[in-house]
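Two complexes, one shared chain (subunit A), two partners (subunit B, subunit C).
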Partner chain A sequence: MSVDVSGVDRETLVRPIQTFSKRYLAALAVGLGLIGVWLAFYLQQLQHGLIVTNLSDWGSGGGVPWGLYIGAFIWWVGIAHGGIILSAAVRLLGMDTYQPVARLAELLTIAALTCAGLFILIHVGRPDRLVTSVVPAWPTRVQWSPLMWDVTVITAYFVLTATYLALTIRYDIHRLRDRLPNLLDPLYDVLMIGYSEKEDEVVERMVWWIAFAIIIMAPLLLHGGVIPWLFALLPSMAGWAGGVQGPSFLSIALTSAVSGIIIVAAAFRTAYGWEELIPDAVFRGLSQWLGFFSLIFLWLQLQQVITGIFAAPTTLQHATEVKIATPLYWVAIGLVALAMLYAFAASLRPELFSIRTMVALSVGVLAGTLAEKVLFVVEGLQHAHFALYDGVPGAYVPSPTELSALLGTIGIVVLFFLVVSKVIPVVELHAIEDDHEEVSP
Partner chain B sequence: MTLASTALAAASLAFAAAPVPLASSPEYTLPFVGPGTYLIFGIVLAPVYAMVAAWFIGDPSDRDSGLLGVGYLAGLTTVLWGGLFVATLVIGAVFF
Partner chain C sequence: MSTDESPPPGDDEERYRRLLDETEHDTELGLEMGRDAQRVSAGELSELEFYRRYHDRIVEEFDIDDREIDLPDPDEAEPDDVGFLDRIGSALEGIDPDGEESRRSVMKKGAAAAGAMAVGTWGSAQTAAGQDDGHGGGAGADEGDGTRWGMTINLNNCDGCLACMVACNQEHNLSRGANWMYVFAFEDEGQGDETNFLPRTCQHCTDSPCTKVCPVGARHTRSEDGLVLTDYDICIGCRYCEVSCPYGVNYFQWGEPDVPESEVDDAHQIDDRGRWVGSRPPEGVMGKCTFCVDRQDGQMGEEKIGTTACEEACAMDAIHFGDLNDSESPPNQHLREYREGQENDLSEFPNRKAHTASTFKLMEERGTEPNVRFVGNEPSPHAEQVEGPVAYEDMGLTDDRKEVLDEGASATQGGESA
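For the complex of A and B:
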């Protein structure tokens, strides 16, 4: 399947930059409103401490000092990793069908990484702890500290993705400068330092190498490596152990990211009348990938459940029994399964496919993967070896402060896309004009 | 101060000055870096080393563009952690 959008003109590409609508203002108000709600709660947290979340010390909620903050961190970082994997795959493997959404995926990565980092920042309590606690101890203790794995991954990926974007954007800005707002000229001047058309071929190759590094690092070493090691290297929690966490985390990241890209791409398509620029075929392809990744996700859940309940070590068996007795777990599995079934059904009977349904199912998948990750964190802590925390009173329920942070980060992503879409083209010029020299690997 | 209490104080000082080995722990100092650091810089970042090397020795490549890329990598890392460091100083100055 290939998509040809080469007939789309440059005016269409820069439409988000050149138009301003009431709908844009409404979205801006929603984004800022969500951030405002979170800030109001966060100020309370800064004033009174993490006690307002019940996540202090060993937790007053049944021994759970992590909870939604860390569950949402993994969720956002998964969306980020999956987003950049898609973008890198487009460049590296020549998946031209998805070129119209490649930059949206890169931008989603940067926005989601920001949110992931924010969850770490707010979860350490005093924000300065990131520097005062992490930096001095990093060299000797990174392997023992989930916090240090976190900041390592976020730093590595943020820097790589932003470099990727900064290099690719030069080609577009140079050719579209006359259609970009004059007000932002100083910014464009900085982004274009030292640019000449002679660099295009070399930079194209450099970006190919970034995609190469990303395609190895993201699935194998970061979201299939360092992020699951946050948990799997802690010996006390039976539900977190095992090498299966690597592929399992990766499957959740890819499933969530494709869902996120479907939602963002559909939003831009609807808002700017981009039926030509992001045609149906892109969404059909994405939905097939979503179906495939959902299948892998469900398969790895099956692996964990079967090996956890059949003659497993006692503590693992207990943790798995708790997991499968939790109704929310089955809601999460059901939401992912539903998207998978729809994607496969729409492949068999193309007339069943609709972008609106796919967007709704993608929202469901994101809710499902978030629920699964929060349960993974919470139940993993509650059912540790030797019933470590059985004496801690209470039960974990996400506090309004934590829930507000989730809303706030969604608001940040909305705001990020609204602002960035006014500054740079969110679809690469390459998608509509294949006039550059292809660099063969 | 009685003679007894003076003697006790002197003995305490003597004990404090002498190294008192903990019966259960061998001498232990932190290594130069931990195994996680080798893992990060030795394995996890290996694709980045390959990428940067290819920027300079791959074909096509160009020194200025390679330096621009390295500048972005170094600059963004500095901005990220430098920003946090400045924020830490500000928090320290304003609140503590």
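For the complex of A and C:
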């Protein structure tokens, strides 16, 4: 299934840069408002310490030391996967259908990784030491601490994605410069340092290799690797150990990522009348991918539940029984299952498909994956192998401070897209102009 | 694996030269001191001579010379020595006595100096005969190199009086609910209404998950004696150690500590390497049982070395602390005597084990190699915590720390602490 959007003109492409609407201002206000709410709460945390959260010590302390902050960290890293994997797939596997949303997806990666990093910052007790303690320790700790593996892989992933983006936008900026705002000339000058049309061919090869690196690294090392290994390698918690966590985390990442792209793409399509630029076929394709990834997600959940309740070791059995007795877990599963069923139904009966419904279901999937990951962290900590502590069962409900951080990061993503879409074209020029222009002599 | 900073002593001078070159300090000084330190441990050079020989250059290099040495009585010392003491005095005067941080940083500098003197540092010269390999010695063996602090806790003697918890909380200035020592009362399957007790400290594991996962090396094993400690100056408060520990012994400092910094003496906080590892942690940093590191370093007097606050408070003779590598230490001695008191009948079945005493290490199957051994019955997976004969509240203790933290969480303005 390929889509031809090559008839769309350059004016349409730069529409977000050249227009300014009340709706834009309203979205800006919402984004800034969310960030403001979070900052107000976060100042309290800086002032009083992590005591303003509802976190506590596990063990005799009757609580959980990791909660929403870590759950949301995992969630954002998961969302970040989609972007660049999708973009890399376009480049490496020739899935041109998705070219119109490739850059939106890359931008989502950058924004989501930023939010993930922010959650680490606000999760730790001494954020002021993140540089002074982590950097000197890196050479001796990286071969030991899974948390250090995490920091390393995420940083590498961020650098690769940013490089990929920086290299590919030069082509577009060069050709669209006359339609870009003069006010930002200094910025474009920086972005275009040393540019000549001769580089296009070289850059094309470079980004192919970067895409190749990313598509190997993201699934195998990030959500299929270092993020699940944060938990799966520990001797302490019954619900965490085991090789299934890698595939399971990856399935959550991919479902979240595709949902994120669907939402962002639909928002731009609606806001800028981009029905031609991002046609229905893109969303139909994405929804099929979402259906497929959701199926994998549900299948891996089934694996865990069955192995946890049939004739499992005592502590694992207990942890699994608690998990399946938690209503929120079934809400999460239900939300993902609903999206899967709709996606498959719309594949069989195309007239059932509507972008609006798909967006709503994508929001549901994101809520579901967030809930599942927070439950995984929290319930894991509540049911340790050391079962004597069950005498002080921990209850955990995120505090307003913690919830505000979730809103704040969503606000950051909104703000990011609003600002970036005013500066660079968020759809690649390649999407509307089939091949590279002949390099002029 | 250990994360301690000093490489083991050896004779590969080139390797040490490279190590020393990487530091900002004087390579030649380090190498010379290393050679002489080995002479000290071999008895070819006196400690005093060693001190004299390098004092001026150390002060020049590091501003301070805090090598530990039993200096001769000033009255008996030669005039030269008095000069030494005076110079040390004036060096110390340069430090603001009220500035805790500055004192700490100077002590850390001293530790950096020790690190720079990688070749057989002064410290290892003093203990060269039995330097631990940083792994706390062989886990299974009771005999090994160096010191390996550990405990034998006899559950049959424990009556659940909670005196150990109180003593620990007081000595380490812990915030409410941060029970570095925690005593479980529990009932188990097949034991009717009988209440058992399990005092739980940090197990100071030889293969500790918490030191492995720490991203910054704040949680580390002290190579000289196997203590698992947290460097409060480095810890970023990610709580990964707490999450990885199978025993739930970590207590994070979520808010302001109940006992302010001004009321805690440096002697209890800074260990013999100059690292801030003792007493309660500051806000935003992880804490747990230290096996009373200040006592082991002699900060509370020679007579307290080899003791802990909980052991001292235990009137039931349940807790026995000491060097597990020393067969005559209290934990080994107690275990031996206990076993000897329960000899097995080998007359018909010579292959039986020699005694019938039940001993265990907590969740040994997790592969952590704990350095706390228990005499008595291990709680089964079906054991349940019950109220003991003495309530935590009656002893002024807080059981469920979350209650305290929730108060703090709901307070919008300062003043709340936990």
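The rule is simple: the second predicted complex is superposed on the first by the 414 of 441 C-alpha atoms of A that agree within 3 Å, B and C clash if a C-alpha of one lies under 4 Å from a C-alpha of the other, contacts with A are read in each partner's own complex, and residues count from 1 in each chain.
As a working rule, a residue touches a chain if its C-beta (ideal position, glycine included) is under 8 Å from a C-beta of that chain, and two chains touch if they have at least 3 such contacts.
The shown structure was predicted, so the numbers you read here are calculated from the model rather than taken from an experiment.
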item: Partner chain in contact with A:S236 - subunit B first, subunit C second, else both or neither; value: second
item: First (subunit B), second (subunit C), both or neither touched by A:L222; value: first
item: Between subunit B and subunit C, more extensive residue contact with subunit A; value: C
item: Contacts of A:Q47 with subunit B and subunit C, given as first, second, both or neither; value: second
item: Which superposed partner A:A29 touches (first subunit B, second subunit C, both, neither); value: neither
item: Subunit B versus subunit C as contact partner of A:L160, first or second or both or neither; value: first
item: Contacts of A:L381 with subunit B and subunit C, given as first, second, both or neither; value: second
item: First (subunit B), second (subunit C), both or neither touched by A:T140; value: both
item: Contacts of A:L130 with subunit B and subunit C, given as first, second, both or neither; value: both
item: On subunit A, positions contacted by subunit B and by subunit C; value: 126-127, 130, 140-141, 144, 148
item: Complex interface listing, subunit A residues touching subunit B; value: 126-128, 130-132, 135, 138-144, 148-149, 152, 155-156, 158-160, 162-163, 166-167, 193-194, 199, 201-203, 205-206, 209-210, 212-214, 216-217, 221-222, 225-226, 439
item: Sites on subunit C touched by subunit A in the complex; value: 1, 3, 177-179, 182, 184, 186, 198, 209, 212-218, 234-240, 242-256, 283-286, 362-363, 366-368, 379, 381-386, 399-403, 405-406, 408-409, 411-412, 414, 416-418
item: Residue numbers on subunit A that touch subunit C, as the complex places them; value: 44, 47-63, 65-66, 120, 123-127, 129-130, 133-134, 137, 140-141, 144-148, 151, 230, 234-237, 314-315, 381, 384-392, 394-395, 399
item: In the complex with subunit A, residue positions of subunit B that touch it; value: 30-37, 39-40, 43-45, 47-48, 50-51, 54-55, 58, 60-62, 64-66, 68-69, 72-73, 76-77, 80-81, 84-85, 87-88, 91-92
